[in-house]
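One structure, as structure tokens, below. Some questions next.
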Amino acid sequence: MTTDTPVQLRAVASPDQPDVTPALENLYRGFEQELLVPLWTEIGELMPAHPRSRAVPHVWRWENLRALAAQAGETVPVGRGGERRAIALANPALGGRPFATPTLWAAIQYLMPGEDAPEHRHTQHAFRFVVEGEGVWTVVGGDPVPMRRGDFLPQAGWNWHAHHNATAEPMAWIDGLDIPFQYVTEAQFFEFGRDKISDAERTTPARSRSERLWGHPGLRPLSATSVTLDSPLLTYKWEFTDRALADQIAVEAEGYGGTVEPGHAAVRFANPATGADVLPTIRAEMHRVTRGAETAPTRETGSSVYQVFDGSGTVTVGGTSWTVTRGDLFVVPSWEPFSARSEAGSTDSDSGALDLFRFSDAPVFEALQLDRTQHSTNKGN
Amino acid sequence: MTTDTPVQLRAVASPDQPDVTPALENLYRGFEQELLVPLWTEIGELMPAHPRSRAVPHVWRWENLRALAAQAGETVPVGRGGERRAIALANPALGGRPFATPTLWAAIQYLMPGEDAPEHRHTQHAFRFVVEGEGVWTVVGGDPVPMRRGDFLPQAGWNWHAHHNATAEPMAWIDGLDIPFQYVTEAQFFEFGRDKISDAERTTPARSRSERLWGHPGLRPLSATSVTLDSPLLTYKWEFTDRALADQIAVEAEGYGGTVEPGHAAVRFANPATGADVLPTIRAEMHRVTRGAETAPTRETGSSVYQVFDGSGTVTVGGTSWTVTRGDLFVVPSWEPFSARSEAGSTDSDSGALDLFRFSDAPVFEALQLDRTQHSTNKGN
Amino acid sequence: MTTDTPVQLRAVASPDQPDVTPALENLYRGFEQELLVPLWTEIGELMPAHPRSRAVPHVWRWENLRALAAQAGETVPVGRGGERRAIALANPALGGRPFATPTLWAAIQYLMPGEDAPEHRHTQHAFRFVVEGEGVWTVVGGDPVPMRRGDFLPQAGWNWHAHHNATAEPMAWIDGLDIPFQYVTEAQFFEFGRDKISDAERTTPARSRSERLWGHPGLRPLSATSVTLDSPLLTYKWEFTDRALADQIAVEAEGYGGTVEPGHAAVRFANPATGADVLPTIRAEMHRVTRGAETAPTRETGSSVYQVFDGSGTVTVGGTSWTVTRGDLFVVPSWEPFSARSEAGSTDSDSGALDLFRFSDAPVFEALQLDRTQHSTNKGN
Amino acid sequence: MTTDTPVQLRAVASPDQPDVTPALENLYRGFEQELLVPLWTEIGELMPAHPRSRAVPHVWRWENLRALAAQAGETVPVGRGGERRAIALANPALGGRPFATPTLWAAIQYLMPGEDAPEHRHTQHAFRFVVEGEGVWTVVGGDPVPMRRGDFLPQAGWNWHAHHNATAEPMAWIDGLDIPFQYVTEAQFFEFGRDKISDAERTTPARSRSERLWGHPGLRPLSATSVTLDSPLLTYKWEFTDRALADQIAVEAEGYGGTVEPGHAAVRFANPATGADVLPTIRAEMHRVTRGAETAPTRETGSSVYQVFDGSGTVTVGGTSWTVTRGDLFVVPSWEPFSARSEAGSTDSDSGALDLFRFSDAPVFEALQLDRTQHSTNKGN
């Protein structure tokens, strides 16, 4: 990426540009020599009336992702140096970089039976989300955390972590990180840890210690004296997320609201020590759109990646619509309107709901007062 | 309490006081006429080397409290004006005022079968804690919340609330409020609500709407857009508190800490929207001291009220020790050392643990940077 | 203050009280034996519809205060034990205690030529305000801070401090502290320091080091790495306060607002490191009411003490009005409406403005979400 | 910038990469078709051991900048569309984009006698800093703010602003903005305002209204009720900045510290309403290195742009040193060590100090807990 392209200005006649004269061409040559660029040739791109993302909406099909990941499982070893068998979404408009959006990384990770991914740590904030399968434990700071369908595991920056597959089956899940954000702002640190975790860490408990200390609603251990921007709870199990969504829909049915809009329940994964976002740079949410319901189109500054967790439906990003089903991933670039409609397919669960996992860079925008949201009224409901 | 006592200064000879002379006596008469008091006669009491509480340690026996509350149930009606059949602890050193400590109110409240306590609201922050029995629902802002042994129900200031006993049995519980604190700082507002709650509010759901929206660990509803200092979760059920304490003890047993000190598990009731104390002026905690364990003596600025929830043991406050058992209440004044030892009695549960519910004025001290704590090393463990 | 008055309940017949029967009298005797007090006999005083202060409005005349302070200067030595020649306002309705209001202490302090007040520190937050005279330096943590008419010197808790009068004239000023608040909440610590400050501290610089590091608008020294609730700026000189008030009035005259209301300029003394109140428990402000202007009646939870800094006028607290002039002090109890009118007397400055210094316990109320304000529209302007 | 480059992976044999086999090549073709990129080929660049900036250190000479800006003044009109006659530094390693660093924009702006720059607003946070000249007023929300040598004018996002040159001389200054940061995160909004400001706004007051309301040390107007992340003070005049630096050096000379390190005074421009950084995404500071002094090499995450305000000296960034003098601008990329040495030239002021204005993206890093700093001990002092 580090290039040394000389500044090259074209003196072009356009309504907003000064007339092309010998004096102007001379001036522009002076600019180039001194490594200068005028605002007036760039303002349209740099300071648009509203965000116009360089990224484009796109869908990646889970079926294809999983097949390629399995193929990588046969072909590419996991170990020190490459670190992880992770394969990232590359937004088609971001120059072939492994960036799902300008700030977010999303990858499928794959671990073969008995394999270990070695310990390391990095400033990049990360999480795992499991759309299918089980059998891997992520060991965070010595605490083995199980991974099963529906579980969300935040992994705040600079914590040591490794993965081990304790079963006879391969397992796939998705990783979300702020790699592109830290790449563009140049904040990254990385350290190798131990090549092998200890036998004690190789246990496969049903509940991690983090859950036992922090996984009780509204209860904080007195032994915890310091609070950070990172969540001390290392997994948010599907059992609780599912119940929270079902509860919202039940409260709405009784006439007391509780949902975001009719037929649209949603929870945010929160740091139980602060109530704030689970990671300093990444927001994560689970949405449930009930059978036949549709969300109102919404635009937000900042970008999101979604994965269909359950059900089927149609999602619309900007002017494009896709039919999506379990495991499919798609991106919503900054300020593109997004809506989703649940349309139960023949193979879906009885409830007919569309469950969408979402992560975004919203905490960055909110911390810097750059967040804006525009809701449309949903006429369809 | 409003008195008009004239200022009366005595000119006394003491090591720290000026010599008694006619000039001094003349000066002091001048002070009295002008409603003035010199610092030098008062500094010892007003600015001590460390807090010397006007309150004293004291124990109230649950057996006696409950018997008197039942007697009140037969004698005193509940209704508009008196508002609640609540009987408050009066610290023996606080002049007969219904103040458990200089800042905290603690009372037993009693509701007969079928009775209602009428709706009102007040700026005083409150909670209910249930040491035995069940059958009453507290209706907060239209949301009926059940009350059962072990449940903790915060009731932040200025929310409408009423109670109704839906069963054929009387029920008792304790109320904690910051009435003395708001009395001395003069912050109180109070309004009567409806004399009767609606039939819809008279339902007896097993779970309140507040639990269904906010009672899932680390998950916050997206529909909640504003956050206050008050907890949106209106009950902390015993099931979760008990499990959190048991989990801490299990983690400790595995060698990973998690407890406050060996054999001493504890959780704080927290606002799930912020992680902060459940009420702006009141901290609430549940402590479990395992069989035979003893807590290290600790002094803190600010005062506490404890109720024994389960088990038996010895508590030491300052220089005095008491044997306490289920339901007994006692106070720990500011800066008095406190410790507790679990001593299972013949009638106690199998675990032999001493479970102590505690509330205190700690959030006031922390918000104003007046908190100090002094731990002793516990040689007994 | 520590009394052991037994609880004494009277069974009285009143509209809100239960009928006096033998059973009730028996119940009340039971309460007394067990140190219990029912809510229903106390609710009117403890939980009023709005704050009804135990304190009353009152004015202390500066002329009398100063004369008595000078008399004390001749009669009472300053030294270790008594610590300060400070004489406090005792609200006539607070039982002869040296409490201007239920939470605030206000005293005149007096130092004879060449005298020292010995070094000490305490958790009570304090300030000095100078209505006339000069010549004393307050040495805070080794930094000598001059004191002159109009200067406001915050003195956050637990900083070492001493005073020395470097001149041949006596000097008086007022001290404000949160002594009553810390007395009722029982938070106080106190330590003696050195009996004599060093010669280096006995210098009389025109500007303290705190001013040179923190007294530049909007500029913070990079060397300051930690921030506390206490202001690092140890004096707010009159020169700046006066100019800020004059600027507000000029901006208003140009038609751009900037004042609280027409003819009423006001500034708050703020911690330059945080923008928050200058002390964790005390707010301090300077108000200027221009010639002939009148402030709109305002009620606030919490209490204030005012001192007239310049000019003359009429102040109205609740239903009582007083004519006040330079140096006079008066109190505004919680929720009493307050207004002030400037009425230039023959001996006042040319501007004819009424300058009022005010301090209050507002930060306590705001930290705990207990603040309420009610403004009347000022028809008089 | 929006490109549609297809993903192109090269299967290369390297120590950290899997062996090139037909299976691997087949796998990589599959990745390309599905718009996927593996982590293991990219991890070195994306997750380095510490930040390795894409930007390089570079110096722009003020003499050349000013000459080209003057030439632009003759050649390029200012008006709606181009908006500003601003010419930006383009880091030689950032592909010819007008980005001084990956997150920061720095430009020289130039206004001819009598010219106006039309009103607009944008979410990008901005400031002006004046290294020489005077005569332009920036009108912010209707408040005309003068600009003179040494003045720093923050311009928080989404405030209307225009510039007008009220004199017969051209004037140049530098603009700093977070344009690259908002470009990469895609947060930008922009609106045109009025083409002409009013006659009332065309006045040339010596002090803006913002200064009169907020420019008094530690004093906040009571009329200000809401607080934002943006500074309400619209200019930080050189008079105060200069005095603050001189005061630090004087306090240091008396033996009481106050400087960052010996001979190195520094102030941060702070929001007086909060004490925080003057802009949500940009930190701004003024540093003074006394004659002959040298700062200790320091590395920080995030990037900075410096301008020499006064004096001469040598600056070292990474492995490169430059001699710099008044007006010269240079950049310090993320994690590059930086130090400066004052070396008074023959034409410099008597003091011989090197005054450096600096701005950086530090608030972004601190808000997201990504800030790290590494100080070397300065052996040179």
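Note that the chains take the letters A, B, C and D in the order they are written out, and that residue 1 is the start of every chain.
Keep this in mind: a contact is a pair of C-beta atoms (placed from the backbone, for glycine too) under 8 Å apart; a residue touches a chain by one contact, two chains touch by 3 or more.
Please read all numbers here as calculations on a predicted model, not as lab measurements.
Undergrad: Touching both chain A and chain D, which chains are there?
TA: Touches both chain A and chain D: nothing.
Undergrad: Taking the mean of the CA coordinates per chain, how far is chain B from chain D in Å?
TA: One centre to the other, that is 53 Å.
Undergrad: State, to the nearest whole Å, the distance from the C-alpha centre of chain A to the C-alpha centre of chain B.
TA: 43
Undergrad: Hey, which chains are touching each other here?
TA: Here the touching chain pairs work out to A-B, A-D, B-C, C-D.
Undergrad: Spell out the residues on chain A that touch chain D in their complex, using ranges where they run on.
TA: So the residues of chain A in touch with chain D come to 1-8, 15-18, 21, 23-24, 26-27, 30-31, 34-40, 42-43, 45-54, 58, 60, 64-65, 68, 71-72, 74-77, 81-93, 95-98, 102-103, 107, 122-124, 157, 179, 181-191, 228-230, 280-281, 301-303, 333-335, 361, 363-365, 367-370, 372.
Undergrad: In the complex formed with chain C, which residues of chain D make contact?
TA: Residue positions touching the partner: 209, 212-223, 227, 231, 233, 236, 240-241, 243-244, 247-248, 250-251, 254, 256-260, 266-275, 278, 285.
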